[in-house]
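Let me begin by handing over the structure; questions about it come next.
Each chain gets a letter, A, B and C, in the order it is written, and its residues are counted from 1.
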Amino acid sequence: MDAGLFTANNVWMMLATALVFFMHTGFSFLEIGLTRQKNTINILFKNIFIITGGLLLYYAWGFNLMYPGFEEGSSGIIKFSMDSFGISAPENGMTPEYADGGYTWWTDFLFQGMFAATAATIVSGAVAERIKIGAFMIFTVIYVGLVYPIVGAWKWGGGFLDSWGFYDFAGSTLVHSVGGWAALVAIFLLGSRIGKFDEDGKAKAIPGHSIPMATAGVLILWLGWFGFNGGSVLSADPELTSLVLVTTSLAAAAGGFGAMILSTVLYKNLDLTMFLNGILGGLVGITAGADLMSPNEAVVIGFLAGILIVFAVALVDKMKLDDPVGAVAVHLVCGIWGTLAVGIFGAKAGGEQFMTQLYGVLIVGVFCVVCTFIILGTLKAVMGLRVSKEEEIEGLDIHEHGMDAYPDFIND
Amino acid sequence: MDAGLFTANNVWMMLATALVFFMHTGFSFLEIGLTRQKNTINILFKNIFIITGGLLLYYAWGFNLMYPGFEEGSSGIIKFSMDSFGISAPENGMTPEYADGGYTWWTDFLFQGMFAATAATIVSGAVAERIKIGAFMIFTVIYVGLVYPIVGAWKWGGGFLDSWGFYDFAGSTLVHSVGGWAALVAIFLLGSRIGKFDEDGKAKAIPGHSIPMATAGVLILWLGWFGFNGGSVLSADPELTSLVLVTTSLAAAAGGFGAMILSTVLYKNLDLTMFLNGILGGLVGITAGADLMSPNEAVVIGFLAGILIVFAVALVDKMKLDDPVGAVAVHLVCGIWGTLAVGIFGAKAGGEQFMTQLYGVLIVGVFCVVCTFIILGTLKAVMGLRVSKEEEIEGLDIHEHGMDAYPDFIND
Amino acid sequence: MDAGLFTANNVWMMLATALVFFMHTGFSFLEIGLTRQKNTINILFKNIFIITGGLLLYYAWGFNLMYPGFEEGSSGIIKFSMDSFGISAPENGMTPEYADGGYTWWTDFLFQGMFAATAATIVSGAVAERIKIGAFMIFTVIYVGLVYPIVGAWKWGGGFLDSWGFYDFAGSTLVHSVGGWAALVAIFLLGSRIGKFDEDGKAKAIPGHSIPMATAGVLILWLGWFGFNGGSVLSADPELTSLVLVTTSLAAAAGGFGAMILSTVLYKNLDLTMFLNGILGGLVGITAGADLMSPNEAVVIGFLAGILIVFAVALVDKMKLDDPVGAVAVHLVCGIWGTLAVGIFGAKAGGEQFMTQLYGVLIVGVFCVVCTFIILGTLKAVMGLRVSKEEEIEGLDIHEHGMDAYPDFIND
């Protein structure tokens, strides 16, 4: 392959990697912005743990587990071996022969490693303000280190979902729903925060401490999606990468609009948070088929994702589940929607594809739900998941970290 | 064309697009940082509306209106047709034959779409803290959807300004002045905020609520200008793109220095806000000729832009106009200065060019002023532009959005 | 050279430049986050001064001083001449013949210019909350304008350190230690902030005013390091650049983990600030040899850097030195560690290399310490380094800038 093309491809993939890394800043801002000041340090600590620990785990075995530990079309059982610890350069892995010249093996590892941590980050927001940090750290290690790469292997590693024709371009299911299912189970097991539901069981808003930060978080996440979806082309193919950026941005814009319009109609209020969650819903929704859709289809998928967000947020409340940042609505509901949309719109639309997408959604869902129940159920029995009532009221920052988020912030 | 070169060009243009998108985070930070806490949600809502709505409008018809709806050298009258709704892939638009292999048609759309929203964002800062959000949203739709692409078509779409030899590399006039003129008319029609001028008509500072956010906003805008100007080369041509980044950054630095030195001399104070606005002035000032100037010329243009900022800010106050973020000084005054500087410095300097630049500035100015007067004048008559006195005093956040920006922010 | 390859290389280098520029946002956030609210404007002003002034100085003479003002292998004496003022395009500098087609001459200037300002930024954090801004600005001009390029010329400009075989890939010594030594001397000459040590000489924590900002700063710095180290390959060579990104990110993650684990064991507290400083330590530590190490070696180097951070922070306290942001621990201690690690791990490991690295560290250290003593000693004698007691207690923002950082921030 031509050196210029190989180099240009790899430059794109390295910068996509950088943008996906930057999404962790976006998630951090979003999560602390939408939660209370007294739990800010705790959330940041969790997020820093996820990105550092996630990368180290993916280096130690996740990457090997997800990709080459597998024969093509095999049954999905993972072969462990000591060879799979750590990464080192493959025989001819840095030549353009690897991955059709789309990138080098090193770039591959780092791009995938940045993805891996995302699933745990999604959970982090949902369980905020009440989970024991020790329990969360153990959960993260197992979920990022085992559950995520196993599911990933089924499709992106060439496993059975791939053989069936299941399609998930950049991870509506493999990343977002994997995180979203765990978030759903976790908030079910944890219970709601004190004060979230009144004696009649009616949900009350617990406002966050910085909407500007949450807004910046969403804009940074949108920016990061340029890399998340754009990099999932796995090369810098000009036509495909640029189409993906167009569908991604149009779906984000349409998602925001859908949620904004519906929430204004329903609640007679120009609700910024719903606008923001609509953008995220549009982004998650387009992720499974960002490379298959026309701009028109992307607008429709995004807009419907925004509509779904408004109903999903209300439904979660109705079910007496407490999801401080709307992670279930954004990542699970729109992740499912985006995956199914591949069977409804775009280049692969069709009944058979729709059913395959549905099977994929269900199988991944069952697996993630079962795994999360086992992991968190065990942790609940052994060490407990939830902080004490006193700690929850006084804030996790003081109790777990002996520290305030804004210790010297002063008002005149 | 060589696949490597086409791919490298398109990679650059896609990342320039991402950087221009990121500028909306910069604008948001700058605007909320320099305004009062009680109007923060309102400003963020407007900015999120602009980026989502702007992109959707540009998709629906703006792009078609600005670029191909036009015969070369024609009189500037736009032909509308149903064909111009929405975008779809052109016959051979994804091949290197499009745009001399500088990028694909999809990239072209997205890069230009990110530009389109900028004009409205400039207005957003100037009218902050007192405009009715409904009126602003309608104005934005018309201005981004019609006025901006019509002016753009005159030059970048190959219209009459282009035929005359008018030069505006990345939009000192076509983006920044287009926004700046609207800002000027809008603050004239709106009137000043309560408390901005005392009974003797003397301007009083109304300090913002977060200078750190404003500072971060300026640094993000500078970063975004790497894409705004660098991407305006419309390929990754190594010599030209790298020259543009050098002139852009040197003008920013010199603009900051100019404003900082002059304001320190005049007001005996190391004024951070002036330093920051000087940087923005330098960036706007170099934008029209970033590809024509030597580094030395860029330093001179930027430095003079910084000087202009200090005087322009004082002049706006003197005229009893109230521009909370200095948008008129930065985008209009330095936009004009940068456009004229193309006739004074650099590769195209000369009396004839200067006059062409001047005509371009005036024609665009007259058109934008007239359009803004018509749009906002109509809105003023029909629904009113300004919120009630009570709402202005209590804050737009509570009244229009039922929400605080920092609801849980607590001081010990 | 092939146009596609040249273009792809230059695209990478321009974006690496943008990322290094963005590090100044990261440094600003980190420094204001870890210091008190009353000194925020002052720190931001210094940082804006550094990036604008640093770039202008590097344009005026720094670049010429550091690179071509030198014969190969000469003794390190700099030849000044009027020719060395300002930059202009070299005869054939924009062709692929320059720098083996890795980038253009313009890109070279801008990339190096962004590096130059970093050394002064490091000092800025250490001297925060008590240095006179005038003294700091004069120091910055001399340090960025003379000391940094002279040391840089010894190695990167092809001087005697380079002839000896001293290795410093991206600046553990040439950037970070150059800043770190100056920070050490400066905090020694300045003395500690009022209240940092009690009457028994025991260090007391003076908490900062926004840990979320400090966290965002570290994440932005990590992102910036993609460009800082990745760009130091000086081309987009796929194998080498992607290896560098892998070693850089793994060292960051391992550094964070090392510091987090050790500080938790020693102090029985999940300390977010230590976690963050560990990440920075890992980044600084890998910088000298990011292109020489395997992923395993990068993890070891980063982890040990994280361990060192915990001890170094304690040692600085023990020495009764007051370093509000931990700049000496991060940039000096880990800068030295990273430089020596080149002789212990990776492709160049060996006793002779280790000694060369050690000599380089010592020579640079002696030179920087002497220069800083002369510059700051002179300033201390002539104008004083430290603000008055009253000003320190009331805050530098009001006294030097007549301005609050959050003037309109209100609590309900």
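A few points about this structure:
Methods note: a contact is a pair of C-beta atoms (placed from the backbone, for glycine too) under 8 Å apart; a residue touches a chain by one contact, two chains touch by 3 or more.
All of these numbers come straight from a predicted model, not from anything done at the bench.
Two copies of one chain, chain B and chain C, form a contact in which under half of the residue numbers belong to both partners.
Superposing the C-alpha atoms of chain A onto those of chain B requires a rotation of 120 degrees, given to the nearest 5.
Distance between chain centres (mean CA atoms), chain B to chain C: 33 Å.
The multi-chain contact residues of chain A, meaning those touching 2 or more other chains, are 2-8, 11, 15, 210, 404, 409-411.
Across the interface of their complex, chain A is touched by residues 2-8, 10-11, 14-15, 17-18, 21-22, 24-25, 28-29, 32, 40-41, 44-45, 48-49, 51-53, 55-56, 59, 86-89, 94, 103-107, 109-110, 113, 133, 210, 213, 400-412 of chain B. Within the complex formed with chain B, the chain A residues making contact are 2-9, 11-12, 15, 19, 36-38, 207-212, 215-216, 219-220, 222-223, 226, 230, 236-239, 241-243, 245-246, 249-250, 252-254, 256-257, 260, 269-273, 275-276, 279, 294-296, 299, 404, 409-411.
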